[in-house]
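Next, two complexes with chain A in common: one pairs it with chain B, the other with chain C.
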Partner chain A sequence: MSTLLAVVLDLAPAQWHAAAKASTSPLPLATFIQHLNAFLNAHIAANNDNIIAVFAALPGTSVMLYPAAEPHVPVPDANSYTPFKLLDSAIIHGIERELDVIADSDNEVPVALVGALSKALCYINRLTIAQPTAKNEHALDPHILVLSVSPDLSSSYIPIMNAIFSAQKLKVTIDVCKIYGPETVFLQQAAHLTGGSYIYLERRDALLQYLTMSFLSAPALRKTLSVPTQDKIDFRVACFCHKNIVDIGFVCSVCLSIFCQPVPVCSTCKTRFPMKILQRLNAARPLLPSANSNGAARNSSPAGGRTNGNGNATRTR
Partner chain B sequence: MPTSVCTAKASYKKAPGLLELTDTHIQWTQDGKKAPVVRFTHSEASSLFCSKEGAAQCRLKIAKYGDENGYNFAFTSPQPTASAEREKFKQELTAIITKNRAALELTQQTSVPPPSIPVTAPISNAPTPRIPPSHPAVSRAQSVVSERVNERRATTPIIPGNDAANDFRLRKKVLVSDPELASLHRDLVMSGQITETEFWDGREHLLLAQAAFENQKKGKPGQLVDPRPETVEGGEIKIRITPQLVHDIFDEYPVVAKAYSDNVPNKLSEAEFWKRYFQSKLFNAHRASIRSSATQHVVKDDPIFDKYLEKDDDGLEPRRQPAGDVDLFVDLGATLEDHGETGNERDITMQPGRQRGALPLIRKFNEHSERLLNSALGEASAAKRRKIDKDTYAAIELDDLRDSESSAGITLEMQDRERYFEGRTAAGSNGVDHEHLDFKTLVHEAKQNLQNWETNLNQLKIERKPGDAALMAMTTNVATRLDVRSRKNDIPVGLFTQMTTCQTAANEFLRQFWLSMYPQPNDVQTVVVATPAQRAAKAEKMIGYLSKTKEKVDALVRTAQADGVDHNRVEVAMKPLLNAVDWALTFYHTRKGAR
Partner chain C sequence: MPPRRDADFMDVEFESDISLDDDADYDGKGKGKGKAKVTDKKKKDKGKSKAKDQAYTWEANFVRSWETVQEDESGSLQGSVEELLARGRRRRLLAPASAIRRTIIRHLVLLLDLSSAMMDRDMRPTRFDLMLQYAREFIVEWFDQNPLGQMGIVGMRAGIGERIGEMSGNPQDVLKAISERHKMEPTGEPSLQNAIEMARSSMSHLPAHSSREILILFGSLTTCDPGNIHDTLDACAQSKTRISVVALAAEMKICRDLCDKTGGQFGVAMNEGHFKDLLFELVPPPAQRSLPRPGGGGSANPTADLMMMGFPSRLPDTSPASLCVCHSELKSEGFLCPRCQAKVCDVPTDCDICGLMIVSSPHLARSYHHLFPVQPFTPV
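Now for the complex of A and B:
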């Protein structure tokens, strides 16, 4: 079974600098490149029809490294297998070129992970459309592998969620290999929602071991192969107003924002709610002295009495 | 001076006279007299009966509201004038009676099923051909009225809570159709844990749905009349003739109705008629499919029925021309001029009548569908449909051809995003030193790392220790998951059932509890609204039940121990339930304390 693998490389220079100096199992960028190339070569060697695409997320920019727009033609080398060499050198030269472009900036801005992810999705979409589907239904088994070192970027929450929805629609699996840095909630969700694996590296120096064991097989084969994945994901809901974890939330019927108490105007989408609904919802407010809340949910006496309206109190767990 | 709509020579109580319909009244004047003997207004007419076609006398009975005996008139002109005159009266009176009934319903606002079409009911009770409903011209205003009546009927279900007997019937129906709910009902209500009323509290929508379902007016069945032989024994074919079948056949094939009224009972007996019909070529032509050639040999020449045989409707033009204009969208001839002169190829994909053999069948289906639609749309449809056709420009304006209008939408602007996420992400940060590093240096360092990548790749080597550690960690991860999946459920059936019952019962108590705690929604159509006191009493009762849940679970755990089952698994299984119960208990006591 052939697969279409799109790899997204997180190339944040500062994070790689830190990864190389990590107290436990450090991983310099050079070693990462070494393992990565071996993994990619293994992928194209596994099946003649396997397709690879490599995208890089760099500070403030994202780029497609392979297949390259202007292929770098390497010197013929009797000691290496040409397809490997074409792939590997395209990636290296692409990264070098992009690093040269950003070398003159003074400040490090966050990497454009969403940009790279979107490019990968677009590329997969193009190949999927171009492919005659009649021949074989799952001729292409597309998956994206994100090799991440940066922490979550809160401003990219909505774009990432949109990318996840697109991936779901395209039936693209998103795998995440967290090489360095704190766990990222966004990428955990991306993997979970698309049926992929999220792996946090405990031994960075054994990167290739993780890559081959978890991400080399086609997603369709994983039911049989049983690949590792994250064992717990944080699904708890925090209110948008105080960022407290809530058991009962009030959800905006327009944009699905969550609040720990009824609000007259949704702070996210500015939708106004009728007074009657507010009264009704107020009467339904939880009165528990929640252990999680820091006094934000005051135990004021409920408005009382029955009121009209179609409220939308939603219990979340 | 009232205007006369139609008149006819007719006898009333055997006396000759003149029957007259004016724009306000129905009246009959005996010959030689000046003042009418019978005279009443349009609004008094309630129903209409006709003698069957071809009967010795051409009679018309008009009944009044409050006088079902009505007036019996016999048309006295020689045939066929008498029939034609009666037909005219029938048309006009049908329209009047329809209007009267619609008006009556509006004032009464009943939810009884609609009366059958007020056209004709045969006076004789033999299976008599129903005369095809006439289509009197209906004014726009009138059609609007009747539409409104229909709408009301569709949206006013019987409101549960009004009528105990009806409620009981509805509840029973709901339970019969939902075995799971029925078993919950058995467990809780039959055992006396909660009352019937409590059980249905919050489930009103099920009863409403059932009531709405029952109130739905059933349309005419769409099936084409196609009597099938029941048994075939020694070449004998048996078809059971029911009044419904007779009605359907007459409705679908008016020619059979005509044959019936022409020949029964003078030339053929009722039984003989049907026997010969089912063996005739006429019947064979009416079959919905050219299904069995086996029946072919049964078909006999029949001097009576063969007269009614129509030529196969397979000419280029259908025998029955469609009434009104054909919608350009479905008119295959509409694009004819686009081909030929302009140089376009002739449309060969959609040629009418390319398969001549299929034409009679297709036309039969079309006519059937049209009849069906007409019966569903009612009289208003004709005027309505024509209105749509009139605007040709609107007809060619397709949604697909219009530019999609972009809407700005509502931007999803989350306030204070950073704060929302920082709390959750910062926790896992593994001691990154926040030393300030020059970006240029960092980029340079990254570039350095790319040097000699080829040599690097050739020297790839993974240390054994980290490799083994990674392998072990991943294997454990997979194994844990597989273990859970492969573990089979070895809890004994008896205990398992007890656990399930405990769970469903407690869930129901929880449902009832929260229902009595939270404000009542006002959108549920129910007459029974619990008073605050009733609600409080119910909440207390439920809390009483809920506080026993822990004991019940403990008992289950003990049973497990006695049965030699791992009691931890029972505890784990019941834990979410206990959590939910605890939550409800705490909530209840906190609220009580706050008051």
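Now for the complex of A and C:
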């Protein structure tokens, strides 16, 4: 059973700097690359037919590190296995080269994680679809491993969801290893929707162990190995108006924008809503304790509605 | 995408069909089918006596579909295959790249013709089996692209409309409704009016922002109606119910009228592949027709609406088991309605207790690509 592993590296310089300075179990980029190379070598060694592709998400751009467009030919070394050497040097030189480029520009641009993810999907698509006559047609088991350090980027929500849905169509498993930074809801959903696992590193210095124990096995073998899965996934959404996380939202039927309170005009598509509906919704809406922002739409709702302690909203009529 | 490639391939075949078959042949085919329908019952006793009717595919004129595929000098088919692929790519590029308004909350009733005409063998193995097979694929694809939609199934059999599947947002429920073939054995005459009335009444309670659609898979050339079907047609146009018909036999005036007056699509399937093409063209959500009031000067848009939706929390697999409100089964996993804390098995759905529409954010996100289309990739 050969697998096709596409690794997406999140190389946000600021986040890696912070990770190296972290108070508990710091992980500098150099150590990370050592662990990563050991993991990738293990993957190649596991099966002769295993394929690896490495993509890097950099601020504002994404590149394919391995297999590289212009391969860097390392000095032959009698003490190393050539495939390992090729892979390691391609990754190290690729990262060095790209980091040199962005070292000059010091303005903070978010990393193009979606770009790298899409490139990985395109690459997988090309390998699995374009050569259907290959002998390992059915054996090829593609999965993507995202090594993430940056927080969620709310503007990339739709592109990242599109990438997730294409992965679902291609039957590609997306695994996420969150090395540093806050939990990312988008990547949690990516792992959940494609049947992968999302792991938040508690001990960053044990990265290699996490990688080999959880992500080295083919997705098909995961059931037997009982790889850690996530229990709670946040399916709630942030409203478009105040970025509040809402349980019950109001959704525009035209563009599916989500609002935390009834609004007279949709802010995205400029659709006006009939007054009757606003009044009806205002009467029916549950009063959430957190939603006490002022707004014209709120005036008609009686202030007497209270919520009880455990979050069950009482409805006011 | 495999289905698309398939579609292109079929397309080329049709072109060859049209160019090679002259008019006379086409006429003959149509008449043959008509006669076959009329003499359907007689055929059983008389057997092969109607051989000149050309009701069977193997009696039709020979179409040399391979001649449309040209070899290049070296005898390779690569050029032709690439051309077919390019055709599909071009069609994708022609698709509107700008955001257009589409109906997202769809409600569709699938009307299946279960009349005796469906036992015709002009499509392999029979029209009925082929229809069931494609209907299943259609349902899966439809729910994949319209996660917020709901679908019901009504059968036309022995002069009445028969409710086969209730309106449901869960593809498994809909598939289950048509899983038992023996319960839908075709018999009798179809009744368009009865079936359309039944479909319309099951969608009459829906709010204005959701679309009402009827898709008819029609194999018969007759309909036996209790009243005037044009009254039904007017009622459908009034309630903005969109009717689309995929006919398996031939074009009927009333079917064409149903589609034209309600803004639906009409198509006659020429062969198995074309049938599938026609059916799958109806999967993406239809563009909403522009409203008569341009600019929206001051007045509220009557079809726009704010919908109250609940975003549930998912219970982990390890939580203690409890009964769900939808099937009354003891399960540990499920989703909690944010308003009444009832436990439902699957989303999207309407809460059985408080009626709140429960969706999860991926479902909304899934619909976004119809609203904000992805730019075509540049090939490298």
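Methods note: the second predicted complex is superposed on the first by the 231 of 317 C-alpha atoms of A that agree within 3 Å, B and C clash if a C-alpha of one lies under 4 Å from a C-alpha of the other, contacts with A are read in each partner's own complex, and residues count from 1 in each chain.
By definition in this document, a contact is a pair of C-beta atoms (placed from the backbone, for glycine too) under 8 Å apart; a residue touches a chain by one contact, two chains touch by 3 or more.
Note that the structure is a prediction, hence the values are computed from the model and not measured.
Contact with chain C, but none with chain B, is seen for A:278 once the two complexes are overlaid on the shared chain. Applying the stated contact rule after C-alpha superposition, one finds that A:39 touches neither chain B nor chain C.
Touch criterion met: A:165 reaches chain C, while chain B stays clear of it.
In the superposed pair of complexes, A:240 makes contact with chain B only, with no contact to chain C.
With both structures placed on the common chain, the touch criterion links A:157 to chain B and to chain C. Using the contact criterion defined above for the overlaid structures, shared-chain residue A:103 touches chain B, although it does not reach chain C.
Once chain A of one complex is fitted onto chain A of the other, the partner contacts of A:66 are absent, as it touches neither chain B nor chain C.
With both structures placed on the common chain, the touch criterion links A:255 to chain B and to chain C. Once chain A of one complex is fitted onto chain A of the other, the partner contacts of A:189 are limited to chain C, with no touch recorded for chain B. Overlap of the chain B and chain C interfaces on chain A: residues 157-158, 231, 247, 254-255, 270-271, 284, 286, 313.
By the touch rule above, chain A contacts chain C in their complex via residues 122, 157-158, 161-162, 164-165, 189, 193, 231-233, 235-237, 246-256, 258-259, 262-263, 266, 270-275, 277-278, 281, 284-286, 312-313, 315. The residues of chain B lying in touch with chain A in their complex are 410-415, 417-433, 437, 439-440, 442-447, 449-451, 453-454, 456-457, 460, 462-463, 466-467, 469-471, 473-474, 477-478, 480-482, 518-523, 583, 586-587, 590-591, 594. Of all the residues in chain A, the ones that touch chain B in their complex are 11, 13-14, 16-18, 21, 23, 25, 28-31, 33-35, 37-38, 59, 80, 88, 92, 95-96, 99-100, 102-108, 151-152, 154-155, 157-158, 181-185, 199, 201-203, 205-206, 208-210, 213-214, 226-229, 231, 234, 238, 240, 243, 247, 254-255, 257, 267-271, 280, 283-284, 286-289, 299, 301, 305-311, 313. Residues of chain C that touch chain A in their complex: 101, 104-105, 209-210, 296, 299-314, 316-318, 335, 338-339, 341, 356, 360-362, 364-369, 371-372, 374, 377.
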